[in-house]
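Note that chain A is present in both complexes that follow, paired respectively with chain B and with chain C.
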Partner chain A sequence: MLVTWKYRPRDTFIQRLDPRTRIIMLACMVVAFTVFWDLRVVLPLAALSFALFGLARIEWRDVKRAVLFISAFAIILVIVNAILGARGAPPSVRADVSPVVWQSPEIVIGSWHWAFRITAARIMFMISQLLRFLGMAFMAIPIPYTLDPELYGATFRQLGVPDKPSYSIDLAFRLVPTLARDFGITIDAQRARGYELDKVKGGLFERIRRLAPIIVPVVIQSIVDGEEIIDAMELRGFGVGKRTWTRHLHYRPVDYAIIAVGLVFAVVCTLMGLLQIAADVWLPPLLLSLAG
Partner chain B sequence: MSQLPLVIKHLSFKYRNRPTYALQDVSLELKPGELVVVAGTSGCGKTTLIRCINGLIPRSYKGDLEGTMLFNGVGASTFSLAKLSQMVGTLLQDPEKQILGSQVKSEVAFGPENLGLPREEIAARVNEALDRLGIGYLRDRETFSISGGEKQKAALAGLLAMRPNILLLDEPLASLDPASAREALAVFRKLADEGASILLVEHRVEDTLATNPDRIMYLKDGCVKYLGKPDGLADAVDWREVKLPAPQVIRRVQTSGQPSRPSAPPPDRQLRATHAAPVIVFDRVSFGYGEGPDILKDVSLEIRTGETVAILGPNGAGKSTLIKHAIGLLHPRRGRVLVEGKDTRELSVAQVAHTIGYAFQSPTHMLFAPTVNEELAFGPHNLGYPQNEIDDSVAASVSILNLNGLESYPPLSLSFGQQKRVTIACVVAMRSKILALDEPTAGQDFGNYMSFMDSILLNEGKASDGKPVVSNFDAVLFITHDLDLAVTYASRVILVADGAIAADGMPETVLKDYALLQRCRVVPTSLLAENIRLLPQTGKFQRAESLAAVR
Partner chain C sequence: MDKSIWKFGTREVVYAAIGAALYGVLSWVTNIFPLPSAGNVSFRPAVAVLALFGVAFGPWVGLLSGLVGNTLGDALTGWGLYWNWSVGNGLMGMIPGLAVSMITAYNKPRDMGIGVGWSLGGALVGMAFASLTEMMVSGIDLNTALVGYLTPAFLGNAVIIIILLPILMIAYNSVAGRLGR
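Coming up: the complex of A and B.
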């Protein structure tokens, strides 16, 4: 059975908004984040995102795991990316022409010299990219916890998405916590058979092979559940014609105002992007002075 | 005749890529307000028949379909699935698989929404369906938070909102506790009395008699072996294959002279148990998830060598939570659980698995290996047994659970009933001292589960070469909704209700108290009633065929 996220009704500004407003705002913020690299713009944007996250007033114990996991993932990704290729960075970062802030001792093998160098531009790229990731994530994380599961499908339908994709999104939203529950049951069932997850050792492929007792049942369970959901939907006439969505959403003036601000904001950001405003990393004088 | 809701003539179906017919020459006429029970063992074609009627065959499941099917005199093939869904409502075996809405009201509205009806009409239909089943109070509840019986009523309301005149109910009692099952049956009868034509597919034949069915159809290997009044069924079927009411079994065995199966004596009750040291001790255990309320409340009990313990009680009472504490998957909020004298907090689950083997309820949550043999070897291998011992215990488990011939099959390709037996075999193969089973009879034929329970509990199983198979567990615990399983096999019954032990003792004492059973949502069966009636002569509970010898 599909289970839902830990949603609970809260009388907050965020939850009083029409869900569509929140999806549109999320899209506008994503647009803004993707345009800028200048920390002087990215930082306020991220601060706005964190503030909105705070306004959602979700209990920390509910989101703790999601926040910690996503943050750790983002930090690792950003550091690895900055060290390796700086993919997606503005040309000035990849050119590596800014002053070097730190350099490792040189490794000499025969006539080959190598040292790890980190430039001011790469440091600023790292910080900006991390804030861009986290800013977008903190806009998205509250949605499953603060959006009534009853409204998933209706929200997207009333945003103009057709019936079938809207209901698919509804099911997909609920698939994530369902998968988590199935994982829990399977891990328990295999532990009861003497399987110890922390004793899975060996090379990458060996580890994957030894994870089969967990992976296979969860995948198969999802496929079986999927087929049963399709049967249950077909037996009740899903997909045979245009459907009615009983839940009907209504914008309030505050929704219109926020959407208007959001859209103007997104358009301005896009224009700034086209004009290459704040599109490069900012090198603070303090950092440059450190580089000497 | 042409106006009958459903007429099936000479229906046969063979799934694509299967060599044999799943259904052969089935004919049935269903009148308005008629309730027909369809019974049969696993693989008899019950589910295929339902799929043919509700249109999933041939639309979703391809194969060779022959014969004719008429709805109100019109050929089935002329109807679209949308139209068909308004004439035929199908209640799937597990309401959990059927429910799509996150709240009860959206679940009930789902069908009418798909028909594109106006919102006002959908609202009216939702209210009507909820009121008809008396579950208006569930309207705004989240579907995953309601009980099994309530889920089923919500799923049924979802069908009624489509206003079908035919209802197909596919093993609707399988996941319900006995009291919920009894309530569900009363609802089915009421719907039939209101004019719905109902096909109730169920292998728990005895239970379905509570609906006072008009007719019973018995299917075997896809063919109709019996179709007629309920009274005639007992003489038409083998009582070892289909669970019949105890008085009918007794009469059949008495009239046939000798019982055709040796009547097994109940296990050697209490003799070994009384003086043995306890293997599992629950010492004032309380437990709840997160910061939620207590699910187990101050539970104290001891399990000793030699005991066969049946744990009975309604869904959500805390039965599985109790066992999960014993194997160390859960730890108490207050109190402690000792396994062989050691606190489970100090043991890993793998260490406890040497003492207690626990078979989870759902097979698909644990099966993964490419063959049955490898699946069975997984547990013993994890516990570090030498290869020759693993081979021996795998072979013995295959015999005990009637899996002979399936050793090299992928477990996930087997039927649900077979998968369930593989999960039990997996744990039997671990040779833990204590075996704990969660709903071992779910999805199993009567003949099959009696056979493996005999093997596990009475050590009278036989391998395919005729050699006896001995399982030799120090103690066996089983959670069940099947009261007759407790009557037949248990040396001790624990009734759990609302997270606490409501009663604990010998079945002859505990199960005699009907008021107590009612409080724990356990419904007395005819076998229990016969046993209580004959208890002065027998002194202990016995299976139906053994009672035949008591005059």
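Coming up: the complex of A and C.
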């Protein structure tokens, strides 16, 4: 079994940026999206996120599955949330007094009457929520495709994470191909012994228990092999002093500029949130006139 | 609480990395092979490995295995980078790690019960953290967070922990003596 990273080297503006810049920018955008519900602010933010996604120039065939899955998930989540009450929503949706735009035929069972009503505030909330969700996802999706797996450890180290956890991150990414190979060998070996992973017979518990012949050998062997890695690291004096890293990241002027803009942006958005500016849904006059 | 469970030396660095890599790879492998499912509850066998690394090597190893492993799994499948789910997975590994000093033999029913109990607590806290922070991040309703996220995630993980963690603990017991623990 060959494990392949989603990452490909590309000569793009996004990939020329320092990975730390991109992580900081992602955090700033998440802060910004979390504050606002007003479509007049959410829409430009989402547009910025989609533009940055486009700038990453990831091949559609690579990213298609993730984009379609996450978009479908977002749409279903927004609809389910609207049906379940939207009580996590901003004040005007929670205490909704906006005009009803559409109402389903009334269901009458005895003395009980029920109709699904969609109000102007609820529609605007759903649109803002979908754009917020997709905006954040479109900032997050390009990371695995455009951030070199070899750089995760160095990135988090240089973002201030201590040496040892950063080394765990680095080592984890390095171990992936070996462990994926071990899983492949184990699956093949067990199949050669007559093991049927995709056998559909048996109850739920039995089918989960049947995964043990694959998981147990790989997990236990990797724990035993871990001792060799520990010995090798300790023999080389791991942990006795400050580590140096083979890959050292350097900010360029464009990185400083983007980080500065991102941080100012996050601070301004947080202040706007504290002052409750654009924190509620916006009801466009056209929608209100449609509702009569 | 025993302070030694918070030690983070070379051993913990390596086992955190192995735990994270196993968690990420196993999440990816089970995306390829069909797995049983019931309703909207999906099962991730990798969760049992995460619980084992917590129970066997302590809270830091559990935390990093979940935190980094989830990021790594997302990097392999290409979903993106979602901080609240990574932290939730980290908590799911860290909480079983708090029980490490209570376990003396991994093949004793009492100790397996402790491991499973703390791991179920970890799954509940971790998935609750991720689901409830989604309320802030995506603006979803509490009902949606509970019905759409927490219940299926917790139930799926709980079934995996109850079935696979004791098997992994028994297997681990046979090598634990060799690891100088």
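As a convention for this text, the second predicted complex is superposed on the first by the 206 of 292 C-alpha atoms of A that agree within 3 Å, B and C clash if a C-alpha of one lies under 4 Å from a C-alpha of the other, contacts with A are read in each partner's own complex, and residues count from 1 in each chain.
The definition used in the following text is that a contact is a pair of C-beta atoms (placed from the backbone, for glycine too) under 8 Å apart; a residue touches a chain by one contact, two chains touch by 3 or more.
Fair warning: this is a prediction, and the values are worked out from it, not measured in the lab.
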Have a look at where A:G194 lands relative to chain B and chain C in the superposition and call it first, second, both or neither.
-> first
When the two structures are overlaid on chain A, which partner does A:G54 contact: first (chain B), second (chain C), both, or neither?
-> neither
Now for A:I185: first (chain B), second (chain C), both, or neither, which partner does it touch?
-> first
Kindly classify A:R209 by the partners it touches after superposition: chain B alone (first), chain C alone (second), both, or neither?
-> second
Now for A:A140: first (chain B), second (chain C), both, or neither, which partner does it touch?
-> second
Where does A:R65 make contact in the superposed view: on chain B (first), on chain C (second), on both, or on neither?
-> second
Specify the partner with more touching residues on chain A, choosing between chain B and chain C.
-> C
Now for A:E150: first (chain B), second (chain C), both, or neither, which partner does it touch?
-> first
Looking at the overlay, what does A:G241 touch: chain B (first), chain C (second), both, or neither?
-> first
Enumerate the residues of chain A that count as touching chain B in its complex and touching chain C in the other.
-> 1, 3, 149, 171, 174, 212, 215-216, 220, 224, 229-230, 233-234, 238-239
Where on chain A does chain C make contact in their complex?
-> 1, 3, 5-7, 26-27, 30, 33-34, 37, 62-63, 65-66, 69-70, 77, 80-81, 84-90, 125, 128-129, 132-133, 136-137, 140-145, 147, 149, 152, 164-165, 167-176, 179-180, 183, 197-198, 204-205, 207-209, 211-212, 215-216, 218-220, 222-224, 226-227, 229-230, 233-234, 238-239
Touching residues (chain side chain C, partner chain A) in the complex | 8-18, 20-22, 24-26, 28-29, 33-36, 38, 43, 45, 48-49, 52, 56, 64, 68-69, 71-72, 74-83, 135-145, 147-148, 159-160, 163-164, 167-168, 171-172, 174-175, 178-179
So in the complex, which bits of chain B are touching chain A?
-> 54-56, 59-60, 80-82, 85-86, 90, 92, 96-100, 102-103, 106, 109-119, 122-123, 142-144, 158-159, 162, 324, 327, 329, 348-350, 353-354, 357-358, 360, 362, 364-368, 378-379, 382-383, 412, 426-427, 430
Touching residues on chain A, where the partner in the complex is chain B | 1-4, 149-150, 171, 174, 182, 185-186, 188-196, 212-213, 215-217, 220-221, 224-225, 228-248
